[in-house]
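Pasting the structures in now, so scroll down.
First chain A sits with chain B, and in the next complex the same chain sits with chain C.
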Partner chain A sequence: MMEILITGIVLGGTYALIAVGLTLQYGVARIMNLANGENLVFACFGAFWLWSTLAINPVLGVIFIAPVAFVLNWLIYVYALRPLVNRARNRGQLEVDSILATFGLMFIAQGVMLLGFGGGYYNYNFLSEPITILGANYGLNRIVALGAAAFIAAALYLFLNHTRYGTAIRAVAVDPTAAGLVAIDVPRASAFAFALGGALTAASGALLSTFYTFNASMGTLFTMKALIIVIMGGVGDVRGAVIAALLLGITETAVASLIDPGLTLAATYALFILVLLFRPQGIFGRHPA
Partner chain B sequence: MKRRTLLKTAAGTMLAAGMATGLMAGSAFAQDTIKIGASAPKTGPLAGGAAVTYWPAVQLWVHDVNERGGIDVGGKKMKVELIEYDDKTSNEEAIKNYQRLATVDKVDFVIPPYGTGINLAVAPIIAKNGYPHIAVTAVADGLEEFVKRWPNTFWTLGTSQGMAQGIVDLLKKMKDDGTINNKLALVSVADAFGIEMSKTAKPAFEAAGFDIVYETSYPLTQQDFAPIISAAKNAGPDSFVAFSYPPDTFGLTQQATIADLPIKAYYTGVATAFPAFAQANGAAAEGVLGIGGVNADDPKIQDFIKRQKEVTGVEPDYWASPVQYASLQVLEQAITAAGSLDKQAVIKAIGDSTFDTIMGEWKFENNIITKFWTAGQWQGGHFKGVASTGLPGEVPIILKKGWK
Partner chain C sequence: MTPLLATVTRKEARIALFGAAALAVAATLPLFDTGFYLSLALNVAMYVVLCTAWTLFSGPTHYISLASAAFFGIGTYSVALGIDTLPFPLLVAVGFVASAALAGLVGIATLRLSGVYFVIFTLGLAELVRQVVTWAQTNFTHGVGLYVFTDFTETHIYWMLLALAAIVYVTGWLVNRSRLGFALRIIGNDETVARHVGIDTARAKVLLFMISGGFIGIVGACLAPRFAYVEPPSAFNPMISFQVVIMALLGGTGRLWAPLLGVIPFTILFDQVSAYFPNHTSLVIGIAFMAVVYLLPRGVIGFVDDMRRLKKRFRIVLVEDEGALGKERAS
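Up next is the complex of A and B:
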């Protein structure tokens, strides 16, 4: 029983990593980024490349990968997405436009990776050694990822709730128009949130690459998981996303161990439906005013 | 102004299109070339497998043929022009691609797709257009029935019946020798391949006296195998058999290494025979059994592995890659035997002739190659064939001793 719980929490930590970047991008910048998974896989390849050619270990690799992703995402936001933001008359229209635009972005990113790395599977060994917790073995790389997820989530929470700029970003998330009225530079805050979200997703990708087998066309899988978690947790709420991710991890592991591994997907979506039925605004979400 | 931009764009596009066609066609002209169309995944879930097994072998063959000056068609050497399409791992897309190859590109022959499901799905459209269909990466059952319905189809890699029976016989022999006990864990991916294989293997294992102490299946996109491996470990079997697909083959093995699964015979499905498997698992790969295999000591196979690496930069797998290449040698030799590009004559030649391929001498029996590799094993950094339905070069099996 303890083993199921720990395996579930470890898996949940992985899911939290996948989703936390999208929470920021969707919650604050209001961009439903369908290329989120490609961003993550890009970072997987980046980490793989750093490890295999320069022997830079993936955990340190994050120091290179996250800033690069930050700049790239900033540029994507400013040049590809801001025109949509300016044009959109309401939130609904922006959502539709951004879904279409990032859908295209997804194909571009897939194509670039396909060109650079081919369609084959990539996989490398880093910290793939057992660590014993309460009598059962777990992959050290997964425990590292769980630790990183906890660290990232805590840092993000502190930043958003206990700093001036973080508060400004939350204000944009709640109401962009009102935020503008109190002298918050909304376009800048949005760009920052989008870029930060992208950087976090990339950092997660680098960590996930130590234990996932990935290839150029795998991003959509991660996007799907992230979408479910973000919507379950309540849009733009980091705590909600983390709790939703843990819930999902534990549910999947429990179902796989106690009932049947074939039912994990069904369990995921059943949980999703339950949340949508009883708390459509998400676990921590508030009803729109 | 607008109009001028439009004209400019149009001119640019046409120039680009012209260049693209030029690149594809090489220096040759249509009359002197044989147009061959290929469609397989370049994106989607099966793209990873196709990138190892399908595309490089196809490219190497085209390279080889053209370097030789082309295929001999009734005394005239004709070069090969390859047209490639991505089927996005989708049956519908693949059907459209073959339709397009037949009607728009008007190719002379087609190379069938990658994957069991897609091969079955496109068989009618390939048959309708009269092409021979030499399937490689398709392992299915009931092929005799299929061949009666579509006499233009030829099958080279084996049947799921034969593949499953191969591993069952192998483990049964180890059990009878007393090297392993009769407890077995059976895992499969919930996709055509896994379902077909476990459907055949399960009763065969039971008939062979095995006690299946753990059995489960998991969805195609699964990445986390901790629950499966720990449940298998708790059931305490000597043998672990997984009919798995590429990403899961890696995931299961990595988890088995971490959990230090105490096992004497460990078998996984597609991708165990990939070079990447040994790279990813290092010393843990030693003694791992998998579907497929090659005659690792055969100089023809060694030459193929070396040359594919040189020409395409991709190392072939130790199972279907050489068969993919051999299937194209069959097409080439059948065209020469028929002496023309007439599809019907080539189909007849494929059925009647004996072929000299890198897999040895091939002769189709009722459109099926009946001698094929069923299982291989990583031994000293090479994936060697340990079981087949009557091929030379089988090496003795070793026990799995730990994961380090």
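Up next is the complex of A and C:
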């Protein structure tokens, strides 16, 4: 029982970073980014490459990978997505356009990675020694990854809630028009939030790669789980996303170890349907006025 | 109530005659070639039905459905599971009912909410059904693969698909002129207005999604004999969902027959790419998505409409200028 809980929390911890990344992109920049999972896979390969050629520790590798992802996502937002934002006449139009455009990005990124790395599965050995917690053994790499994820999430929380620019970003999430009226540069804050979301996802990818077998086309599955988490937690709500991610991680681990490992997605969907039927505004979301 | 045929306008009758003639010509293809070209035409026919059925729902409502692969796979599985015990036409009907039922469930869970929930739900639906089918087969039956042995050749499947295309077009036309179709056009333009004039928006959307999903299920059922050996990864191939979306959008979703303009070029392109550059297929799909969003946001048909309107306006301006010149000369 304890084992399921801890393994589930570790898995949920990585989901949490991706979902927080996505909630920033969707909640603030108003872009439903279906290519976000590809950030994660790029980072997996990046961490793998740094470790196997330059022997750079993947946890430290985050320091290189996250800024690269930040710049890449900033460029994607400014050159590919801002034209769509400017063109859209209403929110629904932007949603459809951004979904289709990010599908394009998703396939292009997958195509590039398939050409570069092939369709095979990759993994590498990093801190794969056992550590004993409460009488059960866990991989040290998983625990280290969880610690790093918690550190990043805490830093993000402090940034969003206790700095001026973080407050500005939350203001844009609540109401872009009103945020513009109080002299917040909304286009710039949107680009920043989009890039930050991509960087967070990449960070989680680098951490994930230390204990997870990855391949070039697994991004979509992570995107989908992250989307479900975002909706469960309430769009734009960082705290809700973290809790929903842990819940999903624990549920998946429980189903995998108690029923069948082949039914994890069914467990995800069961949770998703419950949320859609009973709390479509998210676990912590308020009813729309 | 006036009989249906009496309400057909002359223009509609002309389109119907032209469509019937085109189908008849297309149906003669197996007489000339039963190799490469029949195979290609079969793919075209398959995607024409899939995309038209998709457009039936996604055209007026603007909801992007990625569930096509799930419905398709359910249709294929309905045939594969029962081919030894039940007659084929009955199994096709089972495929229709099962797909429509799944569409109904998905619709009830998501279509009351905004479009994003629907997209996300359908994005993983094929994968979910695949997992459940694999799990059920490994735990309750002997193996994961199923053999489908029938006397059908590619020619028969091709003719079935052409007939199905005719049925889908007629259904689309009937829906379009019914209360349901009218309700959906209002929903697509402004859902709030639709609710305020007393339309049960959720019910209308769910109904149409069921019709659309059911037809996609039939396509999967018809294609089962072509597979011969059916297993979950091939029946629930998620690529089908994306290809349907990109082809339909490339053609345009404003009119029932518009997806045809996207299906034909894209099927040929994709056939060539997967034959000569098999590693570049994702890249091609990705570029196609970007190209449609940025260059042809309303598809080929939208582009043609714009050009026509531009030409018309241009002509009016010319006539006005000539009139002005004439006046100048007279004075």
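Heads up, the rule we're going with is that the second predicted complex is superposed on the first by the 279 of 289 C-alpha atoms of A that agree within 3 Å, B and C clash if a C-alpha of one lies under 4 Å from a C-alpha of the other, contacts with A are read in each partner's own complex, and residues count from 1 in each chain.
The rule is short, and it goes like this: a contact is a pair of C-beta atoms (placed from the backbone, for glycine too) under 8 Å apart; a residue touches a chain by one contact, two chains touch by 3 or more.
As the structure is a computational prediction, the values presented were derived from the model and not from experiment.
Chemist: Output check: A:114 vs chain B and chain C. Expected answer is one of first, second, both, neither. What do you get?
Modeler: The answer is both, since A:114 touches chain B and chain C.
Chemist: Touching A:181, do we find chain B (first), chain C (second), both, or neither?
Modeler: neither
Chemist: So, A:221: does it touch chain B (first), chain C (second), both, or neither?
Modeler: So A:221 meets both chain B and chain C here.
Chemist: Figure out whether A:273 sits in contact with chain B (first) or chain C (second), or with both, or with neither.
Modeler: second
Chemist: Counting only touches as set out at the top, which of chain B and chain C does A:92 meet: first, second, both, neither?
Modeler: The answer is second: A:92 touches chain C but not chain B.
Chemist: Applying the document's definition of touch, where does A:100 land relative to chain B and chain C: first, second, both, or neither?
Modeler: A:100: touches chain C, not chain B.
Chemist: Now for A:84: first (chain B), second (chain C), both, or neither, which partner does it touch?
Modeler: second
Chemist: Using the superposition on chain A described above, determine whether A:262 touches chain B (first), chain C (second), both, or neither.
Modeler: So A:262 meets both chain B and chain C here.
Chemist: Would you check which partner chain A:32 touches, where first means chain B only, second means chain C only, and both and neither mean what they say?
Modeler: Only chain C; A:32 stays clear of chain B.
Chemist: Counting contacts the way the document defines them, which residues of chain A are shared by the two interfaces, the one with chain B and the one with chain C?
Modeler: Common interface on chain A, chain B vs chain C: 110, 114, 217, 221, 260, 262, 264-265.
Chemist: Sort out for me which residues of chain A touch chain C in the complex.
Modeler: 32, 34, 80, 83-84, 92, 95-97, 99-101, 103-112, 114-115, 217, 220-221, 224, 227-228, 231, 260, 262-266, 268-269, 272-273, 276-277, 280
Chemist: Name, in rising order, each residue of chain B that touches chain A in their complex.
Modeler: My answer: residues 41-45, 47-52, 190, 216-219, 221-224, 226-228, 230-231, 246-247, 250-251, 254-255, 257-260, 271, 274, 276, 279-282, 314.
Chemist: Which residues, counting only chain A, touch chain B once they are in their complex?
Modeler: 3-4, 7, 10-11, 14, 110, 114, 118-125, 128-130, 136-139, 211-213, 215-218, 221, 252-253, 256-257, 260-262, 264-265
Chemist: Which bits of chain C are touching chain A when the two form their complex?
Modeler: Listed in rising order, the residues are 62, 64, 109-110, 112-113, 115-117, 119-121, 123-124, 127-128, 131-132, 134-135, 138-139, 238, 242, 245, 249, 279-290, 292-294, 297.
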